[in-house]
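Have a look at the structure that comes next, please.
In this document, chain identifiers A, B, C, D, E and F correspond to the written order of the chains, with residue numbering beginning at 1 in each.
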């Protein structure tokens, strides 16, 4: 770790420099060391139903085309023509058997091969093999979640996800057909650092305060009273993984098992998951979490209207950096393919009402993230450290019912620390190289 | 917009009287005044109990064929009276809102009001440019939107029964909406 | 805005005829045309001698209680006929103005016109988006404003007797106003 | 604008009936709806065969004398039916346009509509703020324009015979226009 | 002084490099060496009437909360939560007995002490003393004008203001109750360098030319004819102080004593000021000036309408930098508390009509400042020096009636040079350290 | 060449790093090495008809005033007052016998001499000679085209233009009176690199593809069928010059001689040009081209409406950089002074309809340039090279009918390579100095 990062990171194991959340220099290093080196989420397989279906997605500081080939295989390419660098696909999504550059019409097939330059008489045939689209380093998927990396030496995806997979099954593969996105994603911009967003999805302290209004509406619609909720949160487990991932688990409390679910799904859950997974899902589901570096999910039991009973919905979020102080958010809602049309519709309604650019939860979270970023970058302010010291010294739960290291309260900072410790580890490797 | 047929167009103002046009126009202007002033509880009174309020935004999609397809759209809000009441409570209670305390400064520029009658009900198309400055933001955000509204007469007063709003912004360049269009 | 009572609203267009509405609307549009074209001497002729012209802007203030307080406001302009004439002289004399030579390019988008009768006089509420490009600025500035105007009939012609304008910009993002709203 | 004489102003609405005003207003709003929706072939039907369509922009010029001179202007577009048809073909054929495939997202805010009769024909002045978001651009471009339109009645239907549009932007801050105002 | 600054500054004592007014590198050094080191104006005591009253104000590159405590003492804190750095107060002003962070609800009292984290069960009590709000280095006031510094080693405020205090009494403490602001300040943005603004308030050459229009209106309303004014200006004194402050004094000329004042105030002036101060105020008031680094005032005798006689008003201006080429202006109008309601109203009208974002004087000044900043930053242009050489070699007035070094004309550059000489001195110290 | 440029430039003679089109570091070097060192186009003499006529034009990163003096001589000055640096002329054009600074009224005559400071009593007379406006290094013209350079050691203009002058005669001086601009120029902004624009005017591959729509309309109005056009383009010559300039020449094909011209002009062409120039103009006119570094022209035979026969128009374009990824375009239409009013009007109509900010050709070109700039700056994307390899190894035409080195097809990259080779040469000199 170089001197600059040393000063920022080494104060103390639960204390961090504000600069790691606001310095453009740190961010430039992150692009190399994290975003161009590790696995990044790019799409769900259900977004690419047919040969030629493609989506354009951010990957670190670049754009990738994720496309299903004629052969059914999903590949990823840099979204940039090999001739003069034109942005090949200028839309968010499409379907095409060939990718034709709009400038001079170099034409690539869905496997990335250069088919014609339009003026082949003036090009050496030998060059064609070299001038196909630039592929990503690796691309792989887990239960429909497609990840890619610019780094062809990256560890296997299974290793990157590690024990988190046990919980991902519960979220994305708990029925025979798995989940499917409810329409194209919402996209918006927040003036904050990507880590602030990912850490917020491991932070329960703020939830009881920032979201007091919506939680009161949930209570009025039949959810837990605020006092009860606070107690439940203080004894629900948080889970951390050596790869930096983390989970906010929610004890069910007094709610009946699988309240807020389409009842017809429950037998499918039981049939698809292992007994341990099923029990965990029933009693202490992985409600919120962050997959290192920049993917978060939530599957809360909520309502916005006091007249509508709470319902579950599944949210997936990508926090794509645009420099140190801005992110582009991509946000999908999912539902189990087997869920009824009505349940899915009701779930989608509450999802959009609560979590999204128009959601009553997110609107207050994002105001806080932007407020942090406005403040911590200033010359005096950035000298003051930030703290992740709640529950310092608390011991993990022994014999926890699932994998990962679990701690016995959601009101402490251990999962957030796990995320930052992983970040520190990777940025440290950068230093050894430099 | 689908109801604006070629036929309807040529005979448009036979169907909707000047008084009706002015009633709808003034409804929309007064509604904007209430929303701009943060008088959201009074705004709720302008809605019919069966109100269906949706907000969506298009997505850029490449077209290969010779004919344009409709742009697919992304759902941003889908509300009924219950969820709107919950929003109003949150936005008007200082201790319950971070996004709107201090309250944003808003101005709605309502233009291009076209009124037609459809299946016996008044229908209005309008454009709204919402100029919204949130505390801490260096510059205001301009929300460009198009709306199609369906009205109902309830106890002799005009009420908004349905609003389909479309935001012209596939990548929304502000961190949250926290407003009604 | 205080005069827009619940009562007034329901019977609004009984009070103000279509002809009166159109007269006020055309006044405001013609006024905007003169201001946009820099024909400020002609603009002065639209004003009543007793004209009172004010411009203010709100300030963000945190509210701790459950009820919102009115936003405190900052005075930006407070003019009478004498000071407006002096401004017009300065702005229309190339050798006396640096801010407006070369003259800025202006466009006023006047919307949301509501007219009511108050104590026998016509009162109009309107929104104005002034799109103003000054030489040397890379991008235009959009002034979002809300106005309440009181009119007088003088010698059978409509004249502006009072204008209360509110700029939606606590931190004004351009180096000077040098314009009328 | 030269036709808006002092005389015309005082008697303005004697010349143009409410029905005529509303007909022109609805024409402009429906026209905007077609343009915003990319229904350009239908838009062509609103034009008279002799259509003359021009777009210009002013240039900043320093004035030394005491009187302001008119601003010199730069021609940006000068079209007839043939060139407009060619533009429409290009813009509506996905394989023939790079600038408009994916199609930009457009919203026209039409305001300040003043209608007068001039040499027996209806003439309308209006302002248009075109909010246009092109794919790949981080933010929309706001085209501020002022238009003077001359209409003709052909087979009992109102048609646009001439449009003189002025863009308020001497240095156009986007890489191409590829739109009609 | 490093090589870069040397080249910029050392050409000649009245010649300066354009880069000192436009380079981001120079500005970054200014933030450290000037804005984070010296006294900065933050508020007038009358803006904080009650316990818990606070305003948020810029201080260099950061924001400070200036708050009156329960104990009546005014304190200053960094506007950033000690937990994760959230911007604590997001509004311009308010009143509160406690400052509650909107993210996780850490709560600080009006003295800056951390009262609760909301989840105290997970925090070590020993940490509480360390985790109060970050205080400013020093805060002090002179006759109601509150100044603060991030630097706890800064010299005493009295030393910083020095002999200027004699004139500040004349402006801000000439009646028993002193002055009070007329409402909250105007705030706006100008694309220029902060020094160009401060120097302009010591520059009288431009006034006769740039403001020819408004000055003609003043003449028509009973003020001096332009020719007379020019002569008066050429023999009125300018005053400079070793701390960099400067004053544009205005000889009264033929105007009757205390013309344009509320007559009832005159006996109060005489009773409150020393005889020498009173005589100076009557004959040669400190009409315009700049307090180093970034505060200016003006108290001219003006009118805008030719039908309204000229009147005095008191203006105070803060030029807060946002980088090398942009400032945020905060601008207050003041009046003596004892002035009549009508006089105060009339003074406020003319104040807003002439000086402010809507003022006929300022609109032309600020166009000039922006024009300079547009031009001097360019690669060829920045090689050309700027000149402050008017009156070079002119001797100071001997036995001047007030403190400071006075020169016998307003049409020379000595007060501006005094400001820049002080700037050069401070930036030079920076060099010795570096 | 330093390490950075080495890596970017030296891969291969037809392969270039994307960074040369997007890096701000490369661009800063270009400002010094190219824009502040070589000749830049500033105006046409016909834009400055009278003594005191002036235009304000970009020159690299600065602005220059180009003014015709009382003596009729055209001069160039930095647009910045010698007093404090105020932007002297704030408009695009004007006419004035004196340039008066709007801040303190320093007054310069049309030859740049300081006439008065307005307060001359406070200035040493000896300073006046030194404080005139800052002149450009050199200014000269060729057939009405005025060029200036900040570098007073720049080579003579005739040497810079070299053999291109033979073709410039054909374009700008083919009638006794020469050409004149049709009104003031269009100006607009494109988010791209200046070299991408200049290279595009030497690129014919894209034309057949990107402009398929408008070319089809030309065909329907009587122009060549697309297939024929493609063949004609593949055997038309491109010409390159050692100074980096390039020409796209267009064989006439089956069109009658001087189709699309005002017939009355043809005898004037014959009388004014040399026989070789006249023949070349008739059979293979210099249709499109780029003058190094940032000026392009076009004189195509086009129509937009299928009902209007094709006509010629003459377009001149300046690509002024604003950093590495943005340009300001200034675009003039010209016509021969002797052309009839109707022909000139018809030419102007088609010109604006096809080439300009509202033109059906440009709208697609510029979308492509912006698309390239969006893509090539990204961290992974900028590692991939760009290719100018079409026709690599093709031999020049022997005994070509005009000067310069001509190649026998427009569908190859030799003129573009010539431009980039010159760029590489100049940037290499920068390296030897550094």
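In the analysis below, contacts are C-beta pairs under 8 Å (C-beta built on N, C-alpha and C of every residue); 3 or more make two chains touch, one makes a residue touch a chain.
These figures come from a predicted structure and were not determined experimentally.
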item	value
Contact-graph distance - origin subunit C, target subunit E	1
Interface residue identity across copies subunit B, subunit C - same or different by half	different
Cα-superposition angle relating the copies subunit E and subunit A, to nearest 5°	120
Length of the line joining the C-alpha centres of subunit A and subunit D, rounded to whole Å	46
Centre distance in Å when subunit C and subunit D are each reduced to the mean of their C-alpha atoms	26
Rounded Å distance, subunit A centre to subunit F centre (Cα mean)	49
Subunit E residues counted as touching two or more neighbouring chains	87, 90-91, 102, 210, 367-368, 371, 374
Residues of subunit D touching at least two other chains	18, 60-62, 64, 93, 95, 98, 102, 109, 111, 129, 135-136, 142, 170, 173
Chain-chain contacts as defined at top	A-B, A-D, A-E, A-F, B-C, B-D, B-E, C-D, C-E, C-F, D-F, E-F
Residues of subunit B defined as touching subunit C within the complex	18-19, 22-23, 26, 29-30, 32-33, 36-38, 92-95, 101-103, 105-111, 129, 131, 133, 135, 138-140, 142, 157
Subunit A residues touching subunit B - in the complex, by the definition given at the top	89-94, 96, 183-192, 210, 212-214, 216-217, 304-308, 328, 348-349, 352-353, 356-360, 362-364, 366-371, 374
Interfacial residue positions of subunit B with respect to subunit A in the complex	55, 59-62, 64, 72, 74-83, 85-87, 89-90, 93, 95-99, 134, 136, 170-178
Residues of subunit E defined as touching subunit A within the complex	31-32, 36, 59-63, 78-88, 90, 102-105, 117-119, 121-124, 127, 131, 134, 150
Touching residues on subunit E, where the partner in the complex is subunit B	87, 90-91, 102
